[in-house]
Structures are given as structure tokens and as C-alpha cells.
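A short write-up of the structure that comes next.
Chains here go by letter, A, B and C, matching the order in which they are written, and residues are numbered from 1 within each.
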Amino acid sequence: MSTALKRVLIGSLGVVLAFGAWQLASKVGPLADSPMPSAGEAIAAMFRLLTTVDLWLSALDTLVIAVLGLLIAIVIGVALGVAIGSSPLIMHATRVVVEFLKPIPPIVVLPILVLVLGPTPIMGIFLVVIGGAIAIAVQTSAGVFDTDPVRKATGETFGMARAEVLARIVLPSALAYIGTAVRVAAPTSLIVAVVAGLLGGGPGLGQSLLQAQLAGNQPELFAYVLILGLLGLAFQGVSSLIERRVLHWHPQFRKENP
Amino acid sequence: MWQLTQTSEFLIDIGSSLANLVASFVIASFLGVLLGLVLGTMRFLSWLLEPAIHFFRAIPPVALVPIFVSLLGFGNETRILAITVAALFPVLISTIDGVRANDETLDMVSKVYRLTWSERLFQVTLPAAAPRILSGMQVSLIAAFVVMIASEMLGSSTGLGAKTLLAQQTFAIADMWAGIILLGIFGYLATFLFDLFRRRILRWYIAAQQQERQL
Amino acid sequence: MTHIHTSTTAPVIDRPVRLEVSALKKSYTTKKGDVPVIEDLTFDLRQGEIACIVGPSGIGKTTLLKCLAGLQPITSGQAMIDGNVIDGPPEELALVFQEYTRSLMPWLSVEHNVKLPLKHLHLPAEERRQRVTSSLEAVGMGDAAQKYPWQLSGGMQQRVAIARAVAYRPEVLIMDEPFASVDAQTRFELEDLCLRIREQFDMTILVVTHDIDESVYLSNRVIVLGQRPAKVTEIITVDFEQPRDQLTTRALPQFAELRSKVFELIRKAG
């Protein structure tokens, strides 16, 4: 049996064991008396949910908020990043502000957004954009700043105009940094979209999660969490795939992903 | 706004948030590194548990808060548990990564000089993995911070997050802004302090990297 | 097939054998079958001797070292150190690696780097400290004990690695192209350091090198490898006087002779 096959089998065994442990814990021991549903109940609820239209609509809501927000964040982030990174002056001037803003997660400004925009999809998109744009801008500016000066000089020697140098030399080389930033921002977008629903009252799976909790519907609550997990995995998988497709030629990418 | 920050109430909230964050983060880091060491060195165990771990990691940590609330109610334990679980996974995963990635030369040195397994683990593998582990801890810190706020907004009446949300809902705009700004400063300080800590521990790594770059 | 070239017998020949390699064969098993790297190596090393292994690039010198260090299993034949068969890293052996920067622990000071292998030897603390100090002094790094590897130059780092090996007091010290990555000046210094260590600690040293001059300068015997898979082409005795000196020894006509001979052998074999 090949090693790869062995790994998959053992891994699956692990997942089964995890669910088994869950099932056990819900029947025996300190958690038995708690409202926690058994694995079986949760999974049953999950399958039931998957057959409802509502679930898919909610999921769509969340996904749309996440993806749209991500795309806008990329556009804004890259534009800002290029602007900042092209000028050493601006790089240094904005450094302090950026260093301060970088570690602050979007959840902090959620209350304002809800106040101003209400519990709407727009609020969700805004939140995702805020979360992603700053990180992407920072990475992009670093990528632009770090472009090999020799390459830039080569371009200029060949008579390229500044805009051309930017588009044909700087951007492609900064693409690796941008790729990394997007790869990190993608799952975050999904999370933030859920947060917008859960805490901000916006539509989507976050909202559904909240409702289930308020209604005391335990199996559904756990089912939603499972669904979110699967969605998260799918999202990560897709964004990894896209990144690979777009960047397979880039030497930095190849170095990190043999 | 500044007057508000002086009121004892706010200070209690800040203290409560801070205590939860710090305690949970420390516990999560400890557990994460410990488990990571075990899983990183025992291949079979890691094959068994890793897919499950990756699945759990994919769940937005914020989504776990309602679960803990439904199981444990609105008390402090819920918040601590939620933050700890959220912070556990990034550290765990990066520790496993760090332990696995061994430098061939250091490996040979350990073998030739016949270091005992505990010497290898704690004096070679662990320090070598430290850069990765600390990167993971950085991610954990942010996750912990987010879940701290979320757990307060969802299931509590004390804590900065809770108070800020309350202010928003009651249109106490000034209070809300105070809360937001304080949270922002909180987040920044936490990251800043962690960065100092990281620099201290990784002094050798940072210096070695600089040397490499100059060569 | 193998001739031992003798002119005058070196006193080393009377001393006990420390390392004995007999008909050592090493092949790697790949999907396409067995790939032999080393066909048949036989040589030995006596106490207090410095021997250099030279040969064309890629012939398997590093593989040989890994086998001797117990890092790779020997396919057939055997290697013995002090009469014990090698089938895992032997206690009596220490290795100095080519990549000195990566062989030192960057998070430990020089002193702790040297001390690390000594910990499990259960020495009394005083003796351990003594060994560390004396080894560092022997390599000329006596006052760098508190420094960190990244504060040192390449040559200094290699000295620390040598100190670490010396403090271990191995029966046999093996060095894998130890001076390949330092500049020429430092290289001469380190070669002389090697000779001094042998004098001071009566150590038995096996050096793998691709620098022919170095091999003739350092050795009592030069073991030339050739052919693929590798075999011993010839073992050449180098019988200059000790102590050797970079200027005078290298100026001897015999030096040029021997070095041409080695070069010839390598070129033919490669």
C-alpha cells in the first residue's frame, strides 16, 4: 500500500474517531447532561438543512459578501499598495499609521458600521473590505518596494515609460506578495462575512447561526458550525487552486511550493 | 470621552477583557506547543489527527462562541474556553510545521554526537522551530483578540466588547467611540508587546538572518 | 590492484589501528534497482595519523563519510572503529561538517555549542568546563566563549565546530571538506590548526578534501579514490618532516612531485 493511500486512510480514521468521541461524550460523562447534541443528531440536522432552500440562500449571502468584499479589497488594496510602494517618501510617511492599523481586526469597527449602515449586506461587504484592503495594501507596497532595481533599470534602459515599467515589471514581480496577501485574506473574508452576520445582524450563515442559538435549537446550531467548517475548507481549497493557476510561473511561488 | 475611561466601571471591563485574553492566550500557547511537539514527532499520531485538526481550523472561530454559550451559559468560563480554543489551532499547526521541518545538517550533528532524544527535542528541535511557532502565536493572538470581542458581544455583559456593543445599541455614541478606540489601542498594544517578546526570544534568529542577507 | 607506495616508514605505522575499513560496499536502492556508489574500499587509520581522502567530484566521498559516521547503513563489508563494528553513530567518532554555519546552533553561545555534546557523557562539571575552555583555547577562540555564531566570521565558526569535536575527545575525528568554504588565507590557518590539534591531542584525523595541495600538506597518507563505483586507487605515503610549515613544506620539491602524482591519479580515475 502506498504511503499516500495509508495517510488518507489513517486520516479518515482520525476523523471518524473524532466524531465517535463526540458521540460518546454526548452520551456518557460530564457533557451527557448538557444540551450538546450527539454527533448523530448534529449530522442528521446538517443533512436536513442541506435539503432546505433557506440554507443555500444563506450560504449564498455569506459567500457573495465574502467574495465581493474580497475582490473590492484586492482592487483597493493593490491600488493603494502600488501608490505607497512606488514612492519611498510615502512609504515612510505612512509607515506609522499602517503599523497602527495593521493589527486591528475589523470586528472592532463593527459597531460603527452597524450604526451607519444598518444590518445589511453592504455593511458586511464594507467590513470585509476593511479587513482585507489594509493587509493587501501593506503586502503590495512591500512587493512594489522590493522589486529588483536591476530589473527596473533594465526596463528603463529599453525606453519603457514609467507606466509601462510599472505594469510590466513591477506588478508581476510584486504579484507573489500580492498572492500571499490574498491567500491569507481569503479565509479571513469568509470569517468576517460570518461575523457580520453573527454579530452585526447582516444576512447569511452568521445570522442563521445566531437564530439557531437563540431558538435553543442545538442540533441545528452544531449543524451550522459543521457546514461552516466545510465551507471554510472549500473556500481555502478554491483560493489555493486559483493562486496556483495564476502564479505557477512565478519563481518565488515555485520556491515555496515545489 | 476621557472621563468615561476613568470611570471604575470601564476599568473593570478593561481588566476583565485583558485578563481573559492573557490567560487564554497563555494557556492556548502552552497547550498548542506541547501538543504540537507530540504530534510533530509522532508520525502516526499526526497522520491520524491532522485532517481532523485542519477541519476544525477551517471553522470560523467566532462561530464556536454560540456553541460554548449554549453549553456553558454566559459566564466567564465560556469566554475563556472560546478564546483558548480559537487561539489553540494556529499555534498547534505552526508548531507541528516547525518541528517537522528539520535542517539536515543539524540533524546529522544530533546523530553524530549522539544526543539523547530529550536533548534533541528540547535543545535542538524546539529552538529551531521557534521562529515558526512564534509566527503561529502571532496569528493566535489576533484570533484570540477577535474571539475575545465576539464572546463579549455575544454572551456577556462585562468586557469592553460588550460595553461597546451596548453603547451602540443604545445610541450612546460617545461611549461607543470610546469603546472602539480603546479596543483599537488594546489590539495594537497586545500586538506590540508580543512583538517585543518575539524579538527578545528570536534575537538569534533575527541576527542570523541579517548575517545571511549580508553574505 | 592497490599498491602501497613506501619510501621510508613513518613512525605512525607502529601505532594501533583506530579505524579499519574492509571491502566496504555501499549501494542505494532505487525504484530502478540497486545503484552502487562505493564498490570496494579498504584502508585503515592508525593512532595519531592524518589521512586525506581525495578523488574526483561526486565519486562518493560524502557517502563514505556518512557510512563511517553511522548515518547510512553499509551494504556489505564493514568498518570498525577501535575494534567495534560501525552500525550506527559510534561513540568514538566526531564529525566536522562542511557547512559550518548550519552545524552550529545559532541560539546557543559558543560555549554552549561546544558543551552540548558533552552533557550526556556524564562528566563531572569541573572536567566538562575544563574541556570546553581548553578546546576553545586550542582553536584560538578562547575569549569568544560568550559570543554567538552569527557574530563570528566563517573561519571562526569552523574553529568553534572543531573545538566542539575536540572537546568530545573522539578516537577518530572526521572532517568533511572542512575548509572548502573559507578564503585561502583562513584556509592555511585552519590547516595548521588541524596539525596542531593532532599534536596536542594525539588525535586520529580523516579529512575529505578536493584540494590536492591541502591533502599533501596535511597528511601522513593520501587515500586516492577513483572509478565509479568508487574504489581505492592508491594510498600514497607522505613522509615530510613534522612539524610542517606552509612556506617551507610547500616549497619542497617532493611536495610538487607528490601533488602531481595525486593529480595524475585523480585525473586518470575521473
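What we mean here is this: contacts are C-beta pairs under 8 Å (C-beta built on N, C-alpha and C of every residue); 3 or more make two chains touch, one makes a residue touch a chain.
What you see is a predicted model; the values in this text were computed from it and never measured.
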item	value
Chain pair with the higher count of C-beta pairs in contact (B-C, A-B)	A-B
Centrality ranking, top chain (CA atoms only)	B
Subunit A and subunit C: spacing of chain centres that average the CA atoms, whole Å	53
Centre distance in Å when subunit A and subunit B are each reduced to the mean of their C-alpha atoms	18
Distance from subunit C to subunit B - Cα centre to Cα centre, in angstrom	47
Touching residues (chain side subunit B, partner subunit C) in the complex	103, 105-106, 108-109, 111-116, 119, 123-124, 127, 130, 204-205, 207-208, 210-211
Complex interface listing, subunit B residues touching subunit A	44, 47-52, 54-56, 58-67, 69-71, 142, 145-146, 149-150, 153-154, 164-165, 167-168, 171, 173, 176-177, 179-180, 183-184, 187-188, 190-192
Residues on subunit C engaged by subunit B in the complex (per definition of touch)	69-71, 89, 91, 93-95, 97, 99, 102-103, 105-107, 116-117, 119-120, 148-151, 168
In the complex with subunit B, residue positions of subunit A that touch it	6-7, 10-15, 17-18, 31, 34-36, 100, 102-105, 107-109, 111-112, 114-115, 187, 190-191, 194-195, 198-199, 206, 209-210, 212-213, 216, 218, 221-222, 224-225, 228-230, 232-233, 236
